[in-house]
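Structure incoming, see below.
Every chain is named by a letter (A, B and C) in the order it is written, and numbering of its residues begins at 1.
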Amino acid sequence: MSEDSGYNFAYLDEQTKRMIRRALLKAVAVPGYQVPFASREMPLPYGWGTGGIQVTAAVLGPDDTLKVIDQGADDTTNAVSIRRFFAKTAGVATTTRTEEASVIQTRHRIPETPLSEKQILVYQVPIPEPLRWLEPREAETRALHALGDYGVMQVELYEDIAIHGKIKRAYDYPVEVAGRYLTSPSPIPKFDNPKLSDCPALQLFGAGREKRIYAIPPYTPVRSLDFEDHPFAVDHPGHPCAICGDTESFLDEIVTDDAGGRIFVCSDTDHCRARQEGLAHDDAA
Amino acid sequence: MTMPPDAILSARDLRFDYGNGQGVRGVSFDLWPGDVLGIVGESGSGKTTLLKLLGGLLAPSGGSLSYRDASGELLDLLALPEARRRHLARTELGFVHQNPRDGLRLAVTAGGNVGERLMATGGRHYGRIRQSALDWLTRVEIDGARIDDRPTQFSGGMQQRLQIARNLVSGPRLVLMDEPTGGLDVSVQARLLDLLRSLVADLGLSVVIVTHDLGVARLLADRLMVMQGGRVIEEGLTDQVLDDPREPYTQLLVSSVLAA
Amino acid sequence: MAMQPILSLRGVHKHFIQHLRGGLRLDVLAGVDLDLHPGECVVLDGPSGVGKSSLIKAVYGTYRVDGGHIVVAGTDIAVAGPRAIMALRRTTIGHVSQFLRVVPRVAALDIVAEPARARGDTPEVARGKAADLLRRLNLPEKLWSLPPATFSGGEQQRVNIARGFVVDWPLLLLDEPTASLDAENAAVVAQLIDEAKDRGTAILAICHDGVLRARIATRLLPMKRVEQAA
């Protein structure tokens, strides 16, 4: 028990955490494969990150430092709530600085700051099955995974090019993990897809409602699906960040008035802050 | 089991029971390269069930089914691992459903439908896949300008031709067809029949075609099997069966049609 | 003759059992014997109903016989399986029936060329042969590219005859080849038959036209109505 909460450490009971850890071990052993697990009821609704929270709870230790981001930001409701939840139920240190965190729970982004071997990135996943929209039958999607039978996903990309002239899918862009399993990277922008591959950090994915866990172990090759003559490419926003001036980071569009005014700013708030501090430091020097 | 050395498909004592007395009750036959075998009979005679057994859409309760693949290897289709069976089904085999909606992806464009087999077998060059799709649409007499339309925008006859293109794009050796002209207008039927006839001849396909239409059987099939009550009651060359029917049921069948 | 017969019939029997008419038995062929040699033309002789067409169909394999032997180029059609008969039809036996079986949407020229293609000719060679025959049979060239479904009876029959003669068959079966032709085209057919005989084709024919028969027949095979079994 953490001293002041009345909950077991990190909310979940130890049996549940062991169950989840077994699923995680299997997921790490079979990169990209969706491992079923007995997802628990959590004190927040499905779709708010119950899968990610359970995975975080299962890997968190007393010495960890936790960072939670939602769409790249540390200060949105969801991120703040989850960070507080673990501060209260586990008593762990929290941070908004990517490089200080040992566990980062995320929704819809990978931090701009390169991750290290000492870090675990936990993704919240709404729909873990990349074939779900093409094949509604679970038994059949499992068979397709078992057989590595992924032509239908390629058909989906073909359709994009045929109709839109290019692969239009901008987020949750399907990947092949370690040359084997077709995997959903969760609804991160395809801008982040290259960071999935050969990443020094352990990447864990939890889908609470769908009761699935999967993983990309450190330094695993991850390939975004494409065609030889329509290779995977990241769209660059074409603007610098209006606050820190970065031309490389992923930007959010912010509408500033009712007259159509808008600015583009870094989606990763910690990255933007660090750059602003760096710029201020340079100015002072 | 014994399979003639030059046959492509051999069925021995194939059985399937729906549990209501209907089904297939022991059917045996051999099929050779370039051979077009028609299966005729009334509804409930077991002919479509037999076709589903041959195509792996149903698992038989007994009997054996052997196939000699393109490399000459003899395969026991009933014991084939699932991965191998699926690969075979999208390379060397084709299955044309009576209702094209059962054989097409309705939410996917014509080009995507035709290209699927190529992508499923490792095709990763968009331009080449699209060119193949275009070639095949032309061969089945669908205007190439419709390549990005969905099948739901096609007429029944076009849908059926699209389904055929989708099957033939991989260069199959054995194609199973279930009433391919059923449900189409007579003029549309004639066009499709002629198309099938020339494709089968040009490509040297082995075909098993189920039909209740003896005119279709006459036009397409070299040989016929007449089914009744789940059994083959008569077989032979198409003109033998239709012009010199021996079994009472076959005589009834033949006499019930106008100028087959 | 010293040569081996291309067709040999021994004791050929055929009857029909008409199940829809209470199992009525109809005997059509009983003990037919014949040896047909290369270059010969045997015309079946007898009034309607003696089984002439049935015999032609039995030799082609369409009617399955109930007794005897029909040996064509070493294969006994009386007992041969479908594939053996199909092979004979592709390589050895040509058949000109009374009526053309029309295939929708296939041009007259291609219908005629088809047997030659099936024997391995290239499309160009086969079409060339087909065009020569249609020209000799006076079928207007503007019809060649059309499907024969809308042709007159005489035009259809000329397509049918051309299809029969496009290949040098070892054995050719003719069932009333000139029934719907005028004298001029009938004479062309007679010529085609003469040329085929000269090339060594053996012909078994039904021909009611006395003039043509006298010209083409090497000999006649008299046929009589079969006594019906009790």
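Throughout what follows, a contact is a pair of C-beta atoms (placed from the backbone, for glycine too) under 8 Å apart; a residue touches a chain by one contact, two chains touch by 3 or more.
Everything numeric here is computed off the predicted structure, so don't read it as measured data.
Separation of chain A from chain C in touch steps, taking the shortest path, is 2. Relative to the C-alpha centre of chain A, the farthest chain centre belongs to C. Comparing per-chain C-alpha centres with the mean over every protein C-alpha atom, the closest match is chain B. Centroids built from CA atoms put chain C at 78 Å from chain A. If each chain is reduced to the centroid of its CA atoms, chain A and chain B end up 47 Å from each other. Separating the centre of chain B from that of chain C, both taken as means of CA atoms, is a distance of 32 Å. Contact residues of chain B toward chain A in the complex are 82-83, 86, 90, 105, 108-109, 111-112, 115-117, 119-121, 123-127, 129-130, 147-148. Those residues of chain A that touch chain B in the complex are listed here as 143, 147-149, 151-152, 154-155, 158-159, 161-163, 226-230.
Residues of chain C touching chain B in their complex: 16-20, 57, 61-64, 82-83, 85-86, 103-106. On the side of chain B, the complex with chain C involves touching residues 32, 35, 190-191, 193-194, 197-198, 219, 222-223, 236-237, 239-240, 243-244, 246-248, 251-252, 255.
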